[in-house]
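Each of the two complexes below includes chain A, the first together with chain B, the second together with chain C.
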Partner chain A sequence: MIENFLAGTATLFGDPFTIGIFVFGVLGGMLFGAIPGVSMLTLAAILLPFTADLSPAQGVMLFAVIYCTGTYGGAITAILFNIPGAPENAPTAFDGYPMTQKGMAGKAVGAAVLCSAIGGVASALVMMSATEPLAQWAIMNIGPPEIFALVFFGLAVASSVGGRTIWKGWLSVLLGLLIATIGQDPVGGINRFNFGYSDLAAGIAFVPAILGFFAVSEIFIQAEKNVSGKYLAPKFNVDFPSFFELWAHKIAVVRSILVGFFCGILPGIGATLAAFMGYGEAVRWSKNKAEFGTGKLEGVISSETANNAATGAAMIPLLALGLPGGALTAMMVAVFQMHDLEPGPLVFYNSPELIWIVFAAMFYANLSILFVGLIETKTILYLLKIPFQFLAPMILMLASIGAYISRGLVLDVIVMFIAGIIGFLLRRSGYSIPGIVLGLILGKIGEQNFAQGMQMVHYDLGTYFSRPICTILIVAGVLTLLKSLHSAFFQKPKVT
Partner chain B sequence: MKLNFKKQFSTLALVTGFAVSASMSMAGECRVAEASMDKPGGFPDRALTMIVPYGPGGGSGQVAAAMAEAVTGLTGVSINRDHKPGGSGTVGMTAYMAAPADGYNVLEHIDDASSAHALDSSRPNPAEDLIPLVVSQVTFSQIYIRSNETRYTDWPSFVEWVQAQNGKATIANVSKEGSMERVIMKFITEASDMQIQQISFDKGAPRYGALLGGQVDALFEQPGDVRKFLDAGNFKPILTVFNERPGVFSDVPTHREMGMDFEPLLRFRGFYVHKGAPSERVDWLKWAFQRAYCEDSYQAFNDSKFMNVIDSYRDTAGAIDMINAAIVQYRDVYKEMGLDVK
Partner chain C sequence: MGKLSRSDIFEAIFWLLIAVIFFVVSFSFNQPIEIYKFGATGWPRVILFLMALVALGNFYHAYSKGSKAQEGRVGAKENDEPIEYTSIGQYFKTGMVLILPLLYALSLKPVGFYSGTPIFIALIMIAWGERRVRFILTNTVLIYAILIGLFMLVLNAPLPQGNMSPFYDISAFMLKTKTQLDQMF
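After this line comes the complex of A and B, so read on.
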């Protein structure tokens, strides 16, 4: 493995043009990942035709690098302005933005940079060492029933995040689950709650909903404070977390690497579920669950470690089996095909040099996050010095563009503002925005896999318990629910 | 209630037969003589926009990219692809119908547009509300098993095994209400007297992974989408849903050979323009898209997707015949299935 890795490194850095492509991928992924709506997918779609003029290794390597750095890029705007660049950065905003409000933006961004790099590098190392056996294990043992059980396990802890009481946390999650049912059902394709409006047949898209619930509702809240004279600008601070602060969260980092890797390896799941599950597990294992959503460093660490840990893992089913884990890896299939190649078992035998250039590039791209990210952070934090009356319209404009551009639908801009108003009202009443978003995103994934799983077990729910992984996750989820109910009956409401 | 296939399709045989098997020997052949055409009144003097109702990584996204590249290579006119996924193509179709009918906006769509109109006539009819520029991919479906499967190795042994499972056997497909997959599976299960649980996966990767990992017993798919698994020896076709054996699958029996007497529904992808677009612009677009089909880059793409195994080309008239036949066929079947045909 070491020999192959060194050979891949030598090829990657032995040619100035290839180095140029690598650097372009690193910077382009970070930039497009940071702008809401204009995600790394946008950049990949723009670049796709041009990869025909590159060598196969350069083309696939470019997309792999964009995948790594683009997944990190959205964390910065999530932390500084409550605008997640992509759904996989949404959990980062749960605690990252409250940290900014407390004058701890530097610590949050520093942790995001470092943990994205750690998660990505760890994932790349595992990817390099065991791609084929891991891919085989995943497809043999994980099917729709297991994915549903995983989502159920993740949702069970969601009520703990951000609500004034556990009951309000649960109502928030249930609202998210309800919103997730809008649009065609995932199995029969039957329209639900679209009121005859065809654009709603596709459901509520994640990007405008997240922008509305996070960014727009925040603008309304800050505007209200501004009008009433209670507005306090975020304290400007560029202090990065110390080594000891990060070392104190080593278990959270390892746990998020494992969770992120596990989610990333599942075909069709990817980094979004990884980030939410990583965050959820941090909450589950914490002794101070109530602190999550209020500006806890561990929340940022868990989310950003997990989503980047999913990047290397998502390459495993793609390269070993030809099964893309998400939209960007699906585009990588097109890059392979433009060069008369097919990802899958044969590519390891037919084009080993290509595989190892990609592996090496992903390793170094994740390292680049650390260095480029730290330099970028020192400058981008100065954006916090912009007065609110100038910053708010800029954020609203950016969010509106982001909501519109992902599908080119005015509906998505309307959805964003409706979500902003609902979010504004619910936050004033102590309901949980993270809970709603968790319900929305996990609900869509969970419903689809539940329906497929039920078909698979012939509508006999008991058969779920004949599958060991499924049983463990469902039992653990039920125990978490019971613990949550116990707390709901006996806890005192938080004073806020 | 079993369908009366012979009655159902006897009146359609002529039209559908034309659509299905025009000539297998003509696959990939260029049928547009004119290598160039003057731009009418300077049209187009800017880039075209192609609305694609599916994501960029799937079959539609890929054929849209290949056709856009071929048209640009042929004419020098750029094409911006605007992906509007969701609602089984509904979102993209709605967006396209709302776009200006000036010839600068074209649409990529698949046979789902025809089946959607068959089920609900308020949805646009691709043969009447739009003008087909070209259908550039026509393909058939097959049923696949794992190559190392030991419980069954061919179609007869598969049917026997499924029958013995009393409805517990599973097959992965895209079995949404009224979809081509669900209709064909209904034909097959009734004709073979077997019950099989269809598991609907809307994305390819989990669908193929389900068969690779043994989560399901078989897979319903088109050969171009699983070519890499066929080339790698992972999957093995055991039934071809087509009237005759395509050359590259000469060892795989057709449904008719296995005693199933129904007219196969095909998957087709094509390009359209608004009915109300200026006629001289439509003529130029027809030429550009039909001639682009002949470009080496597009032919190489179709070859890589098993799309030249049968005749993948339909000009405007051929596409209208094919769509009309499909709509009639789907509508009759939906009524037989008890669906609410509007």
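After this line comes the complex of A and C, so read on.
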């Protein structure tokens, strides 16, 4: 492994053009992740046609680097503006934004930098040493029933965080699941709920929906506060967390690495569920559950470690099975196809140099988060000083371009602003936007795997329980739902 | 009425209406799929059934316990001060902030990005309560220049050009200027 890693490093840093692409990916991912309104997906969508001029290794490496640094970059906007750069940064905002409101933005961003780097580097190391055996294990043990069970568990966890009451948490997730059914059904390709619009046959694209629910609705919330004279500018602060503050959360870091890696390895699930489950587990194991959501450093640490730990793991199903784990890894499949390659087990034998340059680049990209991220963070915190009258139209415009570019459809910009209005109204009433988005992302994956699973077991649900991983996940999901149902009926409302 | 507020009743009606409307629409694609017993409607109908059920639970919760946040809910922002509207002007201003972006999106096809964007930027600043003419003009030009510089000149991103005269001609002029700049450098 070490020889291969060194060979990958030599190829990566042996050619000035490849170094240039690496540096561009590191800075571009961080920058696009950290600008509210656009994300690493916007950059990836713009760059996709240009990768045809690169070698396959350079093209895939560029996207892998953007994936690592963009996942971190999205935490900045989640913390500073309550606008997650990507869905995997949504749980980061739960505690990150309250920390900014309390004047602790520097601590939150500093923790995000360090934990993203730790999670990413750990994930890259495991990925390098275990991709082949893990891929073998996944092929043998993970099938559609397990993926459906994990989606079920993930949605159960998501509904229990966010939302003023458990009922509102569930309704949020169900709305996301319903939106995900718009477009063709995953088995027969029959058009559903397109209301006569042919553009809706492809479904609601997830980039505009996310931008609408997160970025646009946040602008509307701030605008409403501005109109009623209740707008308070976030407090500027560049104090980073001390070593001891971070060391106190070492168990949360290790737990989130494990959770993130496990979620990332499963095809189609990706870093989003990893972040939610990392956060959910932090809440579950904490002695001070009530402090979560009010600006607790552990919330930021858990979410950011888990989502970056998933980046390396997400490469395993992509490279070993040819199955993308999320939107950006799906674009990587397109890069492979542009060069007449198919990701899958044969890539390890036919193009080992490609695999190892990607692995090496991801390792160094995660390391560079630590160094470049700390320098960038000091600068990016000055965003808080920009008046919101300037920032609001800028964010709306960047979001419009981000939504349009992914598919070149004006409909996506319209969908984004409608999602923004719906998100604004639902947030005012205490519903959970991350819940809606997770339902939207996991809905199609869940339905597809449920359908495949049912066909596999000849519609005998009992067979699901003869598979140990599936049983554990379903039981865990049911227990999570029962626990929240118990609290819905027997817990008193908060006295405010 | 228990502890129900008007918004709780609206919410219940909203969710139940969604469930009913989508359920009725689901009959329009209720075709059998040979290889899948539950067809295209099975999954969405289960979601709609659960949605109706949870909406009733939500209504009962509001009826018996009010709409305050449950203890221990994470990320619910229950500490945020509720915004209360004291004048019609406030409704109008918030309404403008909500509607303007949607109008901009609807105008993108006929008007295009290059002509519609500066007008939208200025209008949204006004809707935000900004009244200083110099601030609006300077920042409109600055934001427009940043967007054009980044997406049109550096990243070469395709943006909507519009299909109505004279907006289409303005877009064509911008793209022609960009091509000339590319040739110069």
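Here are some notes:
Keep in mind that, in the parts below, the second predicted complex is superposed on the first by the 346 of 496 C-alpha atoms of A that agree within 3 Å, B and C clash if a C-alpha of one lies under 4 Å from a C-alpha of the other, contacts with A are read in each partner's own complex, and residues count from 1 in each chain.
Keep in mind that, in the parts below, contacts are C-beta pairs under 8 Å (C-beta built on N, C-alpha and C of every residue); 3 or more make two chains touch, one makes a residue touch a chain.
Model, not experiment: these values are computed from the prediction.
With both structures placed on the common chain, the touch criterion links A:Gly188 to chain B and to chain C.
When the two complexes are overlaid, the chain among chain B and chain C that reaches more residues of chain A is C.
In the superposed model, A:Met456 lies in contact with chain B only, and not with chain C. Applying the stated contact rule after C-alpha superposition, one finds that A:Pro393 touches chain C and leaves chain B untouched. In the superposition on chain A, A:Gly408 makes contact with both chain B and chain C.
When the two structures are aligned on the shared chain, A:Lys378 is found in touch with neither chain B nor chain C. By the touch criterion defined above, A:Gln337 reaches chain B but does not reach chain C. Legend: residue contacts after superposition of the two complexes on their common chain; A:Ala201 is shown touching chain B, with no touch to chain C.
Contacts of A:Gly420 after superposition on the shared chain: chain C is touched, whereas chain B is not. The intersection of chain A residues touching chain B with those touching chain C, taken from the two complexes, comprises 187-188, 190-191, 408, 451, 455. The touching residues of chain B, when paired with chain A in their complex, are 55-58, 61-62, 65, 69, 81-88, 90-91, 93-95, 167-168, 170, 175-179, 197-203, 205-206, 208-210, 212-216, 227-229, 231-232, 234, 304. Of all residues in chain A, those touching chain C in their complex are 46, 91, 93-94, 161-171, 174-175, 177-178, 181, 185, 187-188, 190-193, 195, 216, 220, 223-228, 230, 279, 283, 289-290, 292-294, 299, 388-390, 392-394, 396-398, 400-401, 404-405, 408, 410, 413-414, 416-418, 420-421, 424, 427-430, 432, 434, 447, 450-451, 454-455, 459, 487-488, 491-496.
Touching chain B in their complex are the following residues of chain A: 41, 45, 48-49, 138-144, 183-184, 186-191, 198-199, 201-203, 205, 267-268, 317, 321-325, 327, 330-331, 333-334, 337, 340, 342-346, 407-409, 448, 451-452, 455-456, 458. By the touch rule above, chain C contacts chain A in their complex via residues 7, 11, 15, 18, 22, 25-26, 29, 31, 33, 35-41, 43-44, 47-48, 50-51, 54-55, 57-58, 61, 65-79, 81, 83-86, 90, 93-94, 97-98, 101-102, 104-106, 108-109, 113, 117, 120-121, 124-125, 127-130, 135, 139, 143, 146-147, 151, 155-160.
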